Structure formats: C-alpha cells, structure tokens
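To start, the structure under review is shown below, and the notes come after it.
Read from first to last, the chains carry the letters A, B and C; within each, the first residue is number 1.
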Amino acid sequence: MNTIGLVAFALVGSAKAIREEFDLFGITVVGLAMAFAGGATRDLLVNRVPLALQSPSEISLGLLGVGLAITLSVVLSSPDTHPVTLLSDAVGLAAFATTGAIVATGAGVSAFGVVAIVTINAAGGGAVADILLDRSPFILFDDFYASCAVLGGSAYWIVGSLGATGSTAAAVCATVTVVTRLAAVTYDWNLPTVQTLELLSK
Amino acid sequence: MNTIGLVAFALVGSAKAIREEFDLFGITVVGLAMAFAGGATRDLLVNRVPLALQSPSEISLGLLGVGLAITLSVVLSSPDTHPVTLLSDAVGLAAFATTGAIVATGAGVSAFGVVAIVTINAAGGGAVADILLDRSPFILFDDFYASCAVLGGSAYWIVGSLGATGSTAAAVCATVTVVTRLAAVTYDWNLPTVQTLELLSK
Amino acid sequence: MNTIGLVAFALVGSAKAIREEFDLFGITVVGLAMAFAGGATRDLLVNRVPLALQSPSEISLGLLGVGLAITLSVVLSSPDTHPVTLLSDAVGLAAFATTGAIVATGAGVSAFGVVAIVTINAAGGGAVADILLDRSPFILFDDFYASCAVLGGSAYWIVGSLGATGSTAAAVCATVTVVTRLAAVTYDWNLPTVQTLELLSK
C-alpha cells in the first residue's frame, strides 16, 4: 500500500506542476514534496531524521511517479484525475494515515496529537505541493480528503483505547480512511462552509 | 494569559478562513495553525516534540476559539476585529513572546536567537495562517505587530543580561509586548517602507 | 565564501521585499529567511538546533546584507541583479551547497539524501523568501539555479564514493556548483518544461 501511495502521490504532484508549466526540476520537486513532505513533517514533529532521506527505495518510488507523470501527460491531459490514479491515491492516503498513527503512538503524544500527525502524514504533502504552486491547499476548502484521514486516525485511537492490538487498530485506520475516501469520490462529498450552514438555517 | 491567547489566536485565524469560504476542516486547520504553529516551530527549532501534540488542554482551548469564530461569525461580520478580540490577541502576543523567551534561554541560543524565537513564537502562527490563505504574511508589510514581540524579546534579553531574575525578565517582556501592541492599535502605528523613507528624505 | 554568500543572499531577499513595498520588519525577515532558512531547514532535517540561532557572527552578516539592500536601493533600482551581486550569489550558492554536503554526510543519509540536503541548504532560503512574497519559488520554473546545487551535490557524492577525501569532495562540489551557475547566468540556461519537450518532439 505504501508503494502504491508513494507512486500515486508523486504522480499527482508532478501532474499539477506540469500544468503550471514548471521546468523538469520544479516537476520533480513538487512530485517529491507531495510524496514525502507529509512523512518528513511527521518525522520532524517526533524528532527523527526523515526516513525518506535514509531509504533509497522510497525515493526511487517517488521518482517513478514523477517519470510516470511526465510520460503520461503526453498522452492524457490530466493523468492525476484518471480513475486508476484516484484509486491509487486513496490507497496511499490510507497507507500514510496508518504509518502516521503507528509513529505517533510510539512517540507518546495525546489523542489529538495522534489525529494531527495522521492528518499531516496523509494530507500534508499535498498541502506543501499546493503552497509551492502558489495556491491555498485545496484540502482546506474543497473535496472530502483530509477528513478521511481525520476519521481514520480517530478510529485508530478509539479502537486502540478500547483495547485492540496495534495491528487491529492499524487495519481499522486503513479501512476507514480508504472506504470514506472512495465514498467521497463516488458520491462527490464536500464539507459545508459557514456560508452554506447559514443558508441552510434560513 | 496563555489561555486567553490560544482562544483569541484560534478565533482570529478561523475568522479569516470563514471569510475565504473555507470548509469546516479548513476553518479548524487555519485556526489551530494560528494558535499553535508559532509554538510548534519554536519547539522544532530547539529540538523538542511540540507541546501542543502532548497537551490535550491546550488543544481544547484552540478548538474553543474555532467554535467561537464559527458561532460569532453568524452574528458579527468580523469577530476578529472586535475590540475584545484585539485586546485578547495583544494579551496572547505577550504570553507567546514570553514563553518563547523562556524556552529560547533554556536552549542556550545567542541574543539574536532569543529575539528570533520570541518573534516566531508570537507571530509565526499568524504568518503560517496567512500562507495557508495564499497571502503574504500581513506582519511583513502592515501594522505594528511582530515588532512588539521583537521589542519584548529585546527587553527580556537586555534586563536579563543586566542581572535581573528570570521571572522579572519575563514580566518585562510581557509588559513591553502588550503595552507597545495596545499603543500600536490605539495610535495606528506602522513601520516605514523604503519607499516612505525616500519620500521623507526629499 | 560562506561570508560572501550570507551577505549576498540577504541582500537579494531584502531587495525583493523592498520592491514589494514591505516595511522594515518585512524587509529584514525576507532577507534573513533568504540567508538562513536553507541552513536552518538542513539543521532541522538532521536534528540539530540551527546554527544561525547560536552564532552571532552569522546573523551580523545577514543584517549587513539587509542594510546594504536598503542603502543601495536608493541608488540602484535593482541591486539584486547587479553583476557583483550575481557573482556573490553564485559564490554563496556553492558555499551553502558544500556545507550541506558535509553536514548530510555526517548525518549518515543516503546518496539521494545528500543531494536533497545540498539542494535545500543552497536553494531552500530563496524558496522560503518567494513563499513569503506570495509567489511560487522561481527555482521551480525559471533559470538554472537549484540545478547547479543538484549537480554539485551529485559530484560530491560521486567523487566521495570513488574514494576521494572529504576536502577534495568539498572542493569538487563547490567548483561544480559555482562554474555551472556562472555558465547558467552567462549563457542564460533554462531547463525545459514538458510543454517545450512536446514541441521539440513534433
């Protein structure tokens, strides 16, 4: 799952940079930022040297995603919205959320700390990529994306505090994240804004 | 003071996100970023796991500020510029500056390092919130805001190197920060730009 | 070389902030971010308290660059594109790349980790400055700038793994970075975008 996620995240980030006509260096940086910035921020928050700087295999997967984005963008106009990409991205979101939950638990943070690190691990890379593209992170106003990681992280913490083993909690986290994400894509879920809530209350 | 600051900072950040029509997740993230990103950056710089990830009570105060922003924005158009908010924000600026000064001193950094960490602790959250909203941080071109923390941190270092105890230095830091901030709000202080200076010299 | 680099980087960052009509605090922050954010990020990634917070002499050089930008901008419209600045900036790029290579090697990261830390140390400050100015980092779509650090870092790693001593590898890194950068400025090098590559293949 982590493998699929790294390739898919790098592909999505690079495809965005290609549409902005970034050069080959920029395409590579945005792709790698999308794939690794969430995990690197997680590692900084728990005081570890980021795993991506130490593991050559992780980086190779990121570079594979960058290469795929460049190759596919000649054939498809938006390889990042292709159904296969959306499915792989959902799998990656779940994998990154679960890794975040395990690392956060090991670091001894609070329940909120677990959910925060899960969300940063899963959705932080996309937020950094959007900032590099000079945009507000789309997760803050559109789609139902980071919220899937919030739900997965909360589920992890709840079943863990009910006495489930670490591997059961991890499986629950991954399942909740990927199922809610696929539901969000299928049924076009969005969170309300305050403006929507006010309209509804009238 | 820290309590008032966390609620006020989260309220101000969330109110900005509400005006940009961010969804409920985005409103929460910008509010919590405004309240906690400065302190978390401080902790990363001195190699600690951020306190906000460990302390449930701190997060509850941030979420209270987010909830207040959502509730009040139905009644007021800009709860973040209400006099009570401006006063609470000035109190928070002073509290965060003082915490930064104490942590920086404990980490054994230089005089400049103290002032830098004080400023990041007090004004860094607002800068991160503005970047998430796809703006230049307002503290870089408008108002007299982060400069109050620079003055407070400098005062802390000066009285400390003159032999004052830690608690005296902390009281001086908090007082200088809050008094200069309230003066800046009352008298509409601004720092000059180079363009203004050139006009004045003609 | 490090001295020249700190002054030149701070000057370039401050000159950009002056053109955006930032106030004196903003000019100082963008200048210091340009000079120190790359090295500080490097230190965070390898779990050290940033050197710039501990060393008063480094900060003095940064503040000298800020002061030069303010003084010179009264005389020159763009002191950051003056040939002397471009040359000093290339020297700084090489110095920061080499420091990054040495620190990364000491931290025991992978070959990719070395190149990543070299690039972040050399070009990360400029990227942070651009984000503070509400722009996409120019290194992602324009010029041939960060790529010089990528080449320097790769050369460092290659000659190191061929058995060269640390000081030889450092000299090779600095030479490759500064020579490719000066060639890029002289011959106006740019990396292709995917759009350019597609045009060329037709």
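Going forward, contacts are C-beta pairs under 8 Å (C-beta built on N, C-alpha and C of every residue); 3 or more make two chains touch, one makes a residue touch a chain.
What you see is a predicted model, and the numbers here were worked out from it, not measured in a lab.
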item: Interface residue identity across copies chain B, chain C - same or different by half; value: different
item: Relative orientation of copies chain A and chain C, as a Cα rotation angle in degrees, nearest 5; value: 120
item: Length of the line joining the C-alpha centres of chain B and chain C, rounded to whole Å; value: 29
item: Two or more partner chains touched - positions in chain C; value: 44, 47, 131, 134
item: Residue ranges of chain A in contact with chain C within the complex; value: 17-18, 20-27, 29-30, 40, 44, 47-50, 52-56, 59, 70, 73-74, 131-134
item: Residues of chain C that touch chain A when the two form their complex; value: 44-47, 104, 107-113, 116-117, 127, 131, 134-137, 139-142, 146-147, 150, 190-195, 198
